[in-house]
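One chain, chain A, links the two complexes that follow: it is found with chain B in the first and with chain C in the second.
Let's look at the complex of A and B:
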């Protein structure tokens, strides 16, 4: 009963908080859409110009069909209103495919890959960072920190190509196909690309985890825990680890952004039919609707993810969770 | 070791490694504590009082730390115990209370779960039983609304409330010894008074011994049965509390007492201070550490530190002024 009361009391401020964040998120998305729209039209050329020369008449017909003959502000208005209805329009280059279809078909692939990459990066970051901190200034720490610097400095396509090379060697050595070199199928196809995609974030999280574990380790309450007779493993698991992981959650939002938007290189090398590939080719071909659609979609996705991460942080850290209760 | 001794510290030395070499933080201290009594360890900041007690219970974790001497607690040398054996004593037979209660509690766990944790590891209690017992302990330590406090987080409580909870946690398993490291320094005077009163009450009902570390002589006068005064990593005087305040034997103790404000002071009279600063413990002086600041220093003080000398009424002092030869010479001169 008491916890129920506490929950209803804190539901008020939390709902208000989420509402406010969603509202500012909508503004962010509108801003992204507007900026993308005008920057895109600013770029020389248009989606129809890279085809072989067409007669002025055909061109006029095409422009009329896509609405490109209208003045820019009107195009903008049409775009925003149809976007509000959830319609991103028809692709210029992929005949008769709506942008909604492209996103619906290819985003789940990117999302699955990205989610697995986040899982790898987070688990790896926590484990390596904690190990580095426990062995501070000894060889495991040195090895891990060297690997971190290497991973941050080397671009992901190098690791992608390298991992493909290693998979080939492995398959040759064993005589069976242990792992697929590229392509898309099940979990087996995802493992290596997700690992490569998550490497940079893993390295970043490792550094963060090491620093925060060291900081927590010198806290007074760790001394208290030891004075209570806890073994060093108990102190580590019940007092150090949880508090050291907390700061990592705050960077997970931006990390998700980095991984989902950074996915296209990995998708390209491993020939994974994700959304990233469409995003890049659309920019090259000035496929207005696909650029707008994917950009706005990614923007909305990230706004939601960052909000989600912030809510999760509030749930796991009582100091934030209970702020409303303390004031009430 | 006599029957009625709970803790016997002999020749405890602590050398702490730093980038600039070893700091000789504690240089051979000896004292004994009887069950159910209170010993105060007094001295200014950096004199090694806190380091000594942390070293006694193995809480100093610096790699390369050098410990010497022995710390007999209930006939066992804590310095020789393996980590597992020491863990069974810490929290169970020896409870500890620290200076700043807010930072001494884990900020992300409830008060109740942190107290219950001690009960779980030492008494094998279930989490639910531990929380019930935690509530009872908080009540014993006169924390208001103990049922509510069990489920609260440290940041939801005031400093005084937290220190009560901290004492409850330290006493959870009924220890024979409570080590209180500046337990009231971070609190305002009213709260300080309440906490000291609580400690006195608990000592009466539970009969545990208290090793109290403080720099506050008012706290010493109120709480202690015996007092050990530390200076520059050494014990310079040890006496019963009345003897120490009535007739301090060591010049450092006398200077400390003169530097303490008290009720009969005239308000515009400046408070006396001890000039100079403590010696560098990277290279401790051969002679008495207090020599450069001592108004009664003699030539020998600079060359050699005296042994522990009796100073009357079961008190001891490490000062040449108590040496029989000096006393004899002074006596002869007076004739």
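Let's look at the complex of A and C:
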């Protein structure tokens, strides 16, 4: 009984915390939806206009079909109410497909690619960052930090094109298709695009990891560990690394969202059917329903990821949780 | 060897299985023939559907579902082949055409290309909601005879019947699937040479021979795989280099690389014309005839094409009709040569001086609306410099994204606009009526009673000679009024696997067409990489 009470008392602030965050998250999503709706309609042009103009009567028929003949506030009301019912409408450019279908079919692709990219980025970031910190101000550090700056400053389409070029050379040299140049299917198709997609984040995490490892290195418990007579490698692996990884978790939320949504160029060059392509083309084509659907979906995804990371961080690092309780 | 056995080493052209692999720029936005307006949808539709007529390798009309026809001033009769079948085995019948045309005109369906049916009696009134669709002037006399009544004489009607909006539709299938009709490969049926066997949205398409097709014996390609969708020309070229695709369209950048690599570059004049259109709305400086005339007197399309754009295939355009248009018995341009550029700097400066006086001593700056694509910007900057140097004209370049440019064209927010036009069907009127006062695509609102008169004559006269004479009048009037500055006719530049033959590059409808293609086995094993 006592333990149960203790548990609820313990869970109370956490549940309240999550509830509050969810509520503010819902508000954020509503705000995103409303702002996007009005900005989108404010941009000159509309989804029905094309290089070839249609006659006035056809134009009228089209406007009636898509409800664009109604006043804007009424369109907004219709939009928000159907969104609450989970219906994002029919795409203007993909004329027979609902936005729900588009998201359901293409987000998993972006998510799979993004997940692999995050794995590459995190592993790479930790390993390279730790190596750079361990060999601080010596040549491995210099080489890694140079690579980091290069990766951050070169746009991803350059890496995409370059890696495609290398694959072609590899395939030509071996006479077999070692890796596909582009396309979507199995893990073989994902490896290179995921690596390219994760490069930017990997560079960022490398820098972060290096800094945090150096910071941890001067902490008291490291000195204690050293004074206990542990070898420098043991201290590094068991004490420094474990604590240095913590700050990386905080940036993972936004990074996951950024990677799964920001794959447009990579998806285009490697011909991957992810949601990123639909998102960008929808903006170019002013495909109102797809713009709204993907923006709201990505907004919700981002909110969720940030919340999730906060919770995970609290679980991993007890100091955060204690602080939270003291505040409450 | 193991990899090959596992099918990982698929070649772009596989002679054994008679399979070719291709890439598409995007996935087809709509395979419902009533809704399709874009080249990707038309490309797929031209392989999986067939109208009364179709285009052959030489872009000539040949029988499709119809075996023969008779056209006069009042209407047309089509006799349908008895062995035309849908992919589910059911026969293709005349009432399926009646159904499709009525649906295309029903305002509820809001078909963007409904107007291409307007020559049919009552079509326009139905599309306006003034008449019921049952009043449309088309009747299925029996299963294999289709009779069409015209609103007014339409000598070019045959060319329209190959267009997607004129394809037949199966009422049972359309109604069974409702809004999901043609959204997936299994929510439609096919009466063309191929069927869509598999469609993974955004990822891949697979077309296989339609065993129910009346001419299936003639098809030399069994399977058309489209496993790649990308609008990136660089990625497309890389896929071609890796022997993953059999045909690759090139842009200016990838063309350079293809030339460096030594690939034989092919080109095809696609009938798309590009021109500068002047704005004739009240209050615009471009309304001044002397101003426009002076610009015409210093402009030379050949210099633009050869020195400025410098892409192979493009051809200088002087009249309204590109070299692909046919006249009575010969190419139109040979029968009726367009007015050539005069290049008279002295006269141009006199004319601009007159214009300057009309503006009270100072020429107002002009706005040239262009899209933000590299080629458009290059053309815009060239014209800006050329008119400044030759005439002292100040031109402001207004670079806009696609939709914003269209919006500004529609609202008339420009003095000059760089525009293009692709033909819908095989008749010069598809270009000719572009500048009629009632045409929505006449974005500069040029309006001339004489021009409208000759458009009407060209639309209705039953005498081919008189029709072409009317078209000639159109290009002469446009030149005299300086309604436009013709720039060039476009071309597709591309690479093609040497083992693949008989690829049809279509000026009208779906392009490219593989309906008549075959694999030259002797070349099939030759690696295309060098």
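Here, the second predicted complex is superposed on the first by the 311 of 328 C-alpha atoms of A that agree within 3 Å, B and C clash if a C-alpha of one lies under 4 Å from a C-alpha of the other, contacts with A are read in each partner's own complex, and residues count from 1 in each chain.
Basically, a contact is a pair of C-beta atoms (placed from the backbone, for glycine too) under 8 Å apart; a residue touches a chain by one contact, two chains touch by 3 or more.
Note that the structure is a prediction, hence the values are computed from the model and not measured.
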Superposed partners chain B and chain C on chain A - clash or fit: fit
Touching partner for A:270 - first (chain B), second (chain C), both, neither: second
Chain B versus chain C as contact partner of A:69, first or second or both or neither: neither
Touching partner for A:183 - first (chain B), second (chain C), both, neither: second
Touching partner for A:58 - first (chain B), second (chain C), both, neither: second
Partner chain in contact with A:161 - chain B first, chain C second, else both or neither: second
Chain B or chain C, by number of chain A residues touched: C
Partner chain in contact with A:141 - chain B first, chain C second, else both or neither: neither
Smallest separation in angstrom, by C-alpha atoms, between chain B and chain C in the superposition: 47
Shared chain A surface residues [contacts with chain B and with chain C]: none
Of chain B, residues touching chain A in the complex: 57, 59, 61, 83-84, 87-92, 95-96, 98, 100, 103-110, 117-118, 121-122, 153, 155-156, 166, 169
Contact set on chain C toward chain A in their complex: 3-4, 8-10, 23, 26-27, 29-32, 35, 37, 107-112, 114-115, 124, 127-128, 179-183, 200-204, 227-232, 234-235, 238-239, 241-242, 244, 401-404, 406-408, 410, 420, 440-441, 443, 529
Chain B-facing residues of chain A, complex: 219-221, 223-232, 234, 238-239, 242-243, 246, 317-319, 322, 326
In the complex, chain A residues that touch chain C: 43-46, 49-58, 60-62, 64-65, 90, 93-97, 102, 105-106, 161, 164-165, 167-168, 171-172, 176-177, 180-184, 268-271, 273-274, 277-278, 281, 284-286
